[in-house]
Amino acid sequence: MMPQFSYWDILRNLIYAGELTVMLSLIAFIGGGIVGMVLLLARVWRPQVFGSVFNIYVQLFQGTPLLMQLFLSYFGLRLFGIEVSVWVSAGLALTLYTSAFLAEIWRGCVASIPKGQWEAGASLALSFGEQMRYVVAPQAMRIAIPPTVGFLVQVIKGTALASVIGFAELTRAGNMIANVTYQPFTVFATVGLLYFCLCYPISLTARYLERKTNAVRR
Amino acid sequence: MPSAAEATAPHKRIVDINALRKSYGDNEVLKGIDLHVRPGEVVAIIGKSGSGKSTLLRCINGLEEFQDGGLVVDGKPLLYDNASAMRALRQSVGMIFQSFNLFPHLSVGRNIMLAPSLVKKRDKTAARVQAEALLERVGLEDKFDAMPEQLSGGQQQRVAIARALAMDPKVLLCDEITSALDPELVGEVLGVVEGLAKEGMTLLMVTHEMRFARKVSDRVVFMHQGRVHEMGPPAELFGNPQTAELRQFLSSLQE
Amino acid sequence: MTVQLDFLAVLHYWPMLLTGVAWTLALTVLAIVVGLALSVTFAWVRVEGPRWAAIPVAAYVELLRNTPFIVQLYFIFFGLPELGLRLSPVLASAIALVLNLGAYSTEIIRAGLSATPKGQTEAALSLALTRYQVFTRVVLPPAMQKVWPSLVSQIIIVMLGSAVCGQIATEELNYAANVISANTFHTFESYIIATVIYLALAILIRRLLNWAGPRLIFGG
């Protein structure tokens, strides 16, 4: 006999899975932020040495499908005999993916700070670290915040692909629930709506922040 | 004070503006303008900032809608809700803007050829021949393939004039066409306009170049708070202003 | 511990990879052509169109931009049959890709259109061009020129995103890699090769579009 599922059952289970989406997004966003920052600092510190490494890294992650990156992380780790949970595979791939995008966004922000600012710092006998920390970073940070917040939306949407390697987040939960309830239309519409509820406020915030920074700079 | 121009018979008028009123919301900007222009006449419009000079010019080719009164150009009345009548009128009225407004993605030559080929369905070679001739007329025969951004402001404005002339307009509207230019570039543009005036083009120009207005125009219109406050031949208007407002305006320019 | 990698075993299936590349490219080209046409129209609606049309377009753009592509695809492929609309994997993929690119590029082109100065429109109107001519000849070309780099990036993102279509058995590149890995058990190698091909496609398409843009789209 087929069990009856109320809409409430569907929604409750999806929301539960949505928590995993949020968690995975945060891991990727924070991890990606840290890795991206290291990459960026290396690049700005010694452009001749790390410039091309940085560019290749960014090109590699921006020029290949996130889905492939997830597969490679999942099967790659296994291939080398490392049996890890899907959290690690998904977290690793999404972190690296996020780091490439954030590093590139931030590189643009740092590059938009006039050279004269670095020079002014240097002429005051500040070290590289001090120039970065006290002169450039505060200015770059202001313009970096809106696109960074905006990218969080891309990260959240990116976590949906982790469903393909078996991570039981929102999209995968949608798949499973659609299979048992035979209500794929309702289920996937709800899944989409839940993503929208997560992402849209962040998009609006990013847009608001962008308008604010533009207004200040003008 | 009726002048000779006011007495012109209606059929001899190329621009006929009667009791024209225009507001932006509650703000009435033109408060009943009467202006009648003969073919070949050169009219300079002067007045303080905000007196409605630009608005008047923009009404004449339908860039602004007015609420009351009549406007006829070359026998064609202005009808906003009739797109083809609107375009027929705009074919007789050219306009040159303070900020040039050349199309940045088209070369100088293509800027000039665009409207004749689209609107007048002129074939490519004819349009090209005409564009080359017009460029020669404004002294830029070697700039046909240049992009607008490669030109100086004065050159851009001369291209804009050539572009307007390519539609064979009966009337040319010029709104402070030298205001965005460096002083040393003003002369070359005014030179072209003066040439047009001599050739008999009907010109309505808003200008802050009083010396130029005096030299070239047949009639000067002084606008004040949305009305034609004083009007007459340049020698009279500049030499013997009748109203306190015009006297004040002219003396403010001297400083 | 040593790991044996055998790429030749995977490359042995080159006809399958080639088919995959062909489908990936076909879907991408379709998305570019239909998606961009759609988004130019929609962007016009958002900037100059009537309000009753601008609001649904804005809703479409926001809805698509704030949900994952894979969910859009699943909704179309798995969800719509519940309403009696059964689509083949290729058709579902094509529709999803077109709608997805359409939403992003509507927003990109809209930004370009609103950046065109009003004086441009006025100059064109005063030259007696029709509203349609003003839009297609004067407002749109420089806007497209301005936003072309962003559009190219978005097209690349959509092309890479199309890998997901393999999950509903559209025979594109990722699907080819899935099948090859199942046949050879060289899973890691299969995905490495697919990834390298995707990277090459991304570079190639970017070059091609950067070259073609100025010539085809905004030549004037």
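Should a chain be cited, it is by its letter among A, B and C, assigned in written order, with residues numbered from 1 in that chain.
We adopt the following convention: contacts are C-beta pairs under 8 Å (C-beta built on N, C-alpha and C of every residue); 3 or more make two chains touch, one makes a residue touch a chain.
Values in this document were obtained by computation on a predicted structure and should not be read as measured data.
Asks: I need the chain pair with the most C-beta contacts, please.
Replies: Among the chain pairs, A-C has the highest number of C-beta contacts.
Asks: Among the chains, which has its CA centre at the largest distance from chain A's?
Replies: B
Asks: Going by C-alpha centres, which chain is most central here?
Replies: Most central by this criterion: C.
Asks: Between chain A and chain B, what's the gap in Å when you average each chain's C-alpha atoms?
Replies: About 56 Å, centre to centre.
Asks: For chain B versus chain C, what separation do you get between their C-alpha means, in angstrom?
Replies: 47
Asks: From the C-alpha centre of chain A to that of chain C, how far is it in Å?
Replies: Distance between chain centres: 21 Å.
Asks: At least two other chains touched by the same residue of chain B: list those residues.
Replies: In chain B, nothing touches at least two other chains.
Asks: Within their complex, state which residues of chain C touch chain B.
Replies: It comes out as residues 117, 119-120, 122-131, 133, 137-138, 141-142, 145, 218, 220.
Asks: Can you tell me which positions in chain A touch chain C when the two form their complex?
Replies: 59-60, 63-69, 71-72, 75-76, 79-81, 153, 156-158, 160-161, 163-164, 171, 174-175, 178, 183-189, 191-192, 195-196, 199-200, 203
Asks: Provide the residue numbers of chain B that touch chain C in the complex, in ascending order.
Replies: 61-63, 83, 87-88, 90-91, 93-95, 97, 99, 101-106, 110, 114-115, 118-119, 160, 163-164, 167
Asks: Could you please specify the touching residues of chain C with respect to chain A in the complex?
Replies: Going through chain C, the ones touching chain A are 1, 3, 62-63, 65-72, 74-75, 78-83, 156, 160-161, 163-164, 167, 174, 177, 187-188, 191-192, 194-195, 198-199, 202-203.
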